[in-house]
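Paired with chain B in one complex and with chain C in the other, chain A is shared by the two complexes that follow.
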Partner chain A sequence: MTARAGEAGTGGVLRIELRRSGAYLLGGLLAVLGAVLVVTSQAPLDPYGLWSSSWAAAMRVLSETSIVLGPLAAAGAAWTAGREGRRHLGELLATTPRPVLARQQTTWAAIALGVVAGTLGVAGVLVAGIAPGLSYSGGRWPLALLLAVLGVLACSAVGFAAGRLIRGRLVAPGVGVLLYVLNGYLGYLTGPSARLSPLALVSQLPSQEGYELDGWSAAGAAIWLLAVTATAVLLAGSRRLAALVPALLAAVSAAALVTTPATGDSPLWLQPDEQALEQVCTDDAPQVCVQRVHAGLLQDVTPPARELLARVQDFLPVDRIAEVPYGQQAPPGTLAMADLQGRSRFLRPGMDHPGQVVDDTVSRLTSYMCEGPELDAAGQQPYLTLDVAHALLTGELLLSSADPTAVEALITRLEEDPAAARAWMARFLPAAADCDVATLVDLARP
Partner chain B sequence: MTRTTPAPDSRGGRGLWLYLRARHVGWVAMALLLLTAASWWATGWLSTRTYFGGAWARPPVVGLSPLLAAVLVSATLVGADTDLDRTAPRITAQWRAVHATTAALIPTVLLALVATDTPQTFGSYALMRNSLGLTGIVLLTATIIPTVLAWAPALTYVLVAYLAAPRTPTAAAQWWAWPIQPGGPDPSWIVATSLLAAGLAAYTRYGPARTTS
Partner chain C sequence: MSTHDDSSGRGTGAGAGVGAGSGEGVQVCGLSVVLGRGRRARRAVSDLDLDLGVGVHGLLGPNGAGKTTLMRVLATVVPATHGQVRMLGLDVSEARERREVRRRLGYLPQTFGYYPRFTVEEFVTYFAWLKEVSGPGSGAAVARAIERVGLGDRAKDRMKTLSGGMLRRAGLAQALVNEPEVLLLDEPTAGLDPEQRLDFRALLRELGVDTTVVVSTHLVEDVASACTRVSVLDTGRLVRSCTREELANLADDHSEPDGSARPGHEHASPIELGYSALLRSHREHAAELEEPRG
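Right, the complex of A and B next:
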């Protein structure tokens, strides 16, 4: 018996701990639940679910999913760590020559392996989801993956320490809910206090298409998460003094994270990924261009985009159509196409409703974000012109038209006289963009 | 032969007192009161956030408060030793039925007081429904897995459903994400009450599962 125990060594003890700590179960549970979260965010379970076949989008989903994975890992780790207390083994184990830290480290290592495997399992589902439509592999997505894994790991370490240090049946669910609330609270902060959001253990630096993680912010977050993990594990191993070192490191990295100065319009931790935003265009004319990160959708979006371009050319001096991020101006001669983010298909290449891009592009052209007493006094007239413009640009009448009869009458008149239609559109577009209510009311006359 | 004096433990409410103490009912009652107060504060705080729409900002409370109440209730479902409990002639199905029904009703009534304004929009109705349904899950699982772990399925389900539920309500989600529905008369109530009925019946009939952890 002694010889067998001796032969087991560290690897053997770890294998036993993997079975007895519930690490297999915890890892499997995290992987399955994460996969469920990914699948339920897609049609048909969520008809309004959006999917982008890009690394940035996949890592964002993983980051959001870890909002649940982290607390569950914490609850599972707390339950395992509390087993000695539940069985009243403290005094018995205190008589053994093995240090507390060594014993707890082995259990923690088993839990950590389960947690990392489970999180990587979810990442695997996401990779399978984006692979068929993936067109760009740049950006610092491995950093985002690393932070997601470290975040769930840190949660499990905090849960492990809580389960080891606090007695009680409800410590495990308590620490799970507490972390869920705390992470959610930090994520929802706005204004100056939003600077604290990177201190959440999970989903603290969400990715975004067209951007990549700032290297320093990611490094700071990784150090913060590792320091929290080390502090928790040392505390669980009854090494309070030694835990001060990583605790100090955690405090320093936290201070650095929350005092990082903002740069530009993007969040503190993101910077534009120029390569992802490069234009990829059709070889033949009229040219249709999309961002490199959406190049997988170019084939699907080209026919409706060209159809729209042909109609718009009757009114505007444009000879190409290109994807332009919302809020940015298109270059001269280019029609700005709506953003293609969130229009890919899960597990399949291409997109489901290319025509929707046309509607969104026209909506951008005719967008009318105005308010004020002048608009209130004008009644439905300004909105009538939006319907007319939409019909002229797409050939389709909106079902929600305020006054279909008046709209149809105006459309018929303008279609019979192309020169008048061009003049009407030339006045409409700047008036809609500038909230020129008087001009819009004038344009609504039959 | 002289008649023996009854043991003090068997007199009047002494047995009930010991039963409640062995199941930490006093601590759980205090925790439920604290939870009610914290939930009341949280609904007010969330409703005043500028980036949410008033009462529509309350789903975190509607999801998590009944969950915590059900987790607390799970601590009362079993004493220190299930096997020992089973040897006592007093632990009957009637005791368990009264215990389970009370455990379902008290948190439900307390949480119903938390958000009485616009109760149909993630307010009192949803809190009551979720308290009943989640207590049902806890009661049901307490008869299947070790009772000290009865909180685990409810915790896992609520955390996952909260994140997975579509932000725009769908007919299917009223069944599978029932705790994250606003609270109006929809199928979410059928699921919640069915779970409560199943939990009450199972716990009354079988009692807590034997504790192995």
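Right, the complex of A and C next:
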């Protein structure tokens, strides 16, 4: 006699589906692929992809990664949904009393559990990456995590419906590619049509330190994604009439999302988070301040920041240095420090290259983006001043300009005469800020 | 001896279209089924009457006779174009009653599909759930169905590891898991080896004690050894419904005038000869009816 079989309840069948529908495999694949993508988008594997130390950065990476996770989930779900057709089970299943919807829901539930577990696995890697350097947990970022999971889930539901309703082995890869292209297209829209970007199921989430998700936008996005999911699952369950209800809800929420204006100058869906931008400062002078969201980096950044401040004080009337968001003016008496976003270590507290903040701060202070016929006529001459200014402010020679000999000569002359150096810098900084090419050319003369 | 009652399928002799009808088994009245649409439309079943009660009923007929279409109608997969189908006293054209019929129905289609990654036990459990067999006894029902088809020692094996005959038995297990009152088996012995066929026929006889079992087959031996009654179909019409003994008695009509067997048919069984005689007579009769029109 065979061992007693499991009960034929929905829970038992769900467990069977989890084992046999490929849900475990799909979840594992999403988790591993997602983890590889997020880790390789972090230094040292990707020197330009720094994302640790804040929820906003982690959620940005999760959102970007979901442009791959969503279509993959859709393709996996479509493949599972198409198994009845591939295995010629349609006729036999049609003779069973349990409604098609119940059957399809149970299969999709298994897929959904796999998809959610896989996406949360990726989120887990991200959270583990940011946790050691995390200083601020406000900003409603868990909502972004929820929306990212719902987005991947919605993709899987769309794929499931496609696999169920359309016959063919190419449906699974086809729906994956289609969703990838569609989400990517919506995400990269610019100009007025960019208002359609929130309709992308994945990779549509904005995230920026110093901002928080707008509650209404997040709610609208959640309704949109849930309505798309419900519509797809009902269609897969052969409930076309019932699917009209969530389809209508999806249409209404989509309309609300694309017509909701942004808050002030904030990116769509975001609103300023003043608490995240509050200054956290050293107790002793000279004062070094960072934003609350980067408070964990204050200890590491303080020594090089003070060193820089000491040199800059020779040229500018500043007595403190503070992190100021890019594009904003520092208050009087304060040197604007470069943004610390994404500068913390991965999986460890602190930062690896605090000196880089000094270079970036100086670059921000001295670099200029000028254009026009006057600058074209001047050739490379004005750019010599960049190396000179950098050397005066940091004590390090860059020699990146076209005429290093001229730069060295100028630096030597100015270092020998501090008063001349101060006068040079006093002319340079406003000229760089105002793109005064004539003055910059004059300052470049040895 | 008459070999043909009524080419319309509404037989008048020897219980044509009516066999041990209980009123609770299967009643088919004036059934016609048209498959396809437009130019591709094809009448697969024409004006068919059947009344099948408890017992094992064989559906015999050549390829294209309409056996599988009739089975699919009884399985509630294909709707009737005309006529009425009642099963277990319920009208299958009504959604609510059809669902109740499905709870009490077992079906093994001609082409049996399965999920290869499922184990036998998981597959049967899955179908028990689909047939709304639930509660504390469902696990025992699954085990009993698997044991009944002789797959107890393979219950934990994946479906993809089973031989063709074992797959057929697993298919039968899913059909039996809800202890059906009507069991429809389309070519159930296809793919079984001789020993498995003997076991299978014994199982059919056992099931036929309290279940309406309808077996569609082109293997006359299945009918001879397992079926109590036989319905012969040709070109979508019921040729005759009778007991297997009555079918065997028609063998005389298949012999030469001197009583000897036709050349090449010396080793045929009486049921095979009776079946051939019935079909030949039916076709001759149909041709006679066609001639005046021509």
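Remarks
Please note the rule applied: the second predicted complex is superposed on the first by the 435 of 446 C-alpha atoms of A that agree within 3 Å, B and C clash if a C-alpha of one lies under 4 Å from a C-alpha of the other, contacts with A are read in each partner's own complex, and residues count from 1 in each chain.
Everything below uses one rule, namely that a residue touches a chain if its C-beta (ideal position, glycine included) is under 8 Å from a C-beta of that chain, and two chains touch if they have at least 3 such contacts.
All values derive from a computational prediction rather than experimental measurement.
Contacts of A:E274 after superposition: neither chain B nor chain C is touched. Judged by the touch definition given at the top, the superposed model places A:T65 against chain B, while chain C stays out of reach. Within the superposed three-chain model, A:R83 lies in touch with chain B and with chain C [touch as defined at top].
In the superposition on chain A, contact of A:D417 is made with neither chain B nor chain C.
Within the superposed three-chain model, A:R20 lies in touch with chain C and out of touch with chain B [touch as defined at top]. Contacts of A:L33 after superposition: chain B is touched, whereas chain C is not reached.
Within chain A, the residues touching chain B in one complex and chain C in the other are 83. If you check the complex, the residues on chain A that touch chain B are 29, 33, 36-37, 40-41, 45-49, 64-65, 67-68, 71-72, 75, 79, 83, 86, 169-170, 172-174, 176-177, 180-181, 184, 188, 190. Within the complex formed with chain A, the chain B residues making contact are 49-51, 60, 64, 67-68, 71-72, 74-75, 148-149, 151-152, 155-156, 159-160, 162-164, 166-168, 170, 172-173, 213. Chain C meets chain A in the complex at residues 72, 75-77, 99-100, 102-103, 105, 107, 109, 111-118, 121-122, 124-136, 138-143, 146-147, 151-153, 155-156, 174. Taken together, the chain A residues at the contact with chain C in this complex read 1-10, 12-13, 16, 19-20, 83-84, 87-98, 103.
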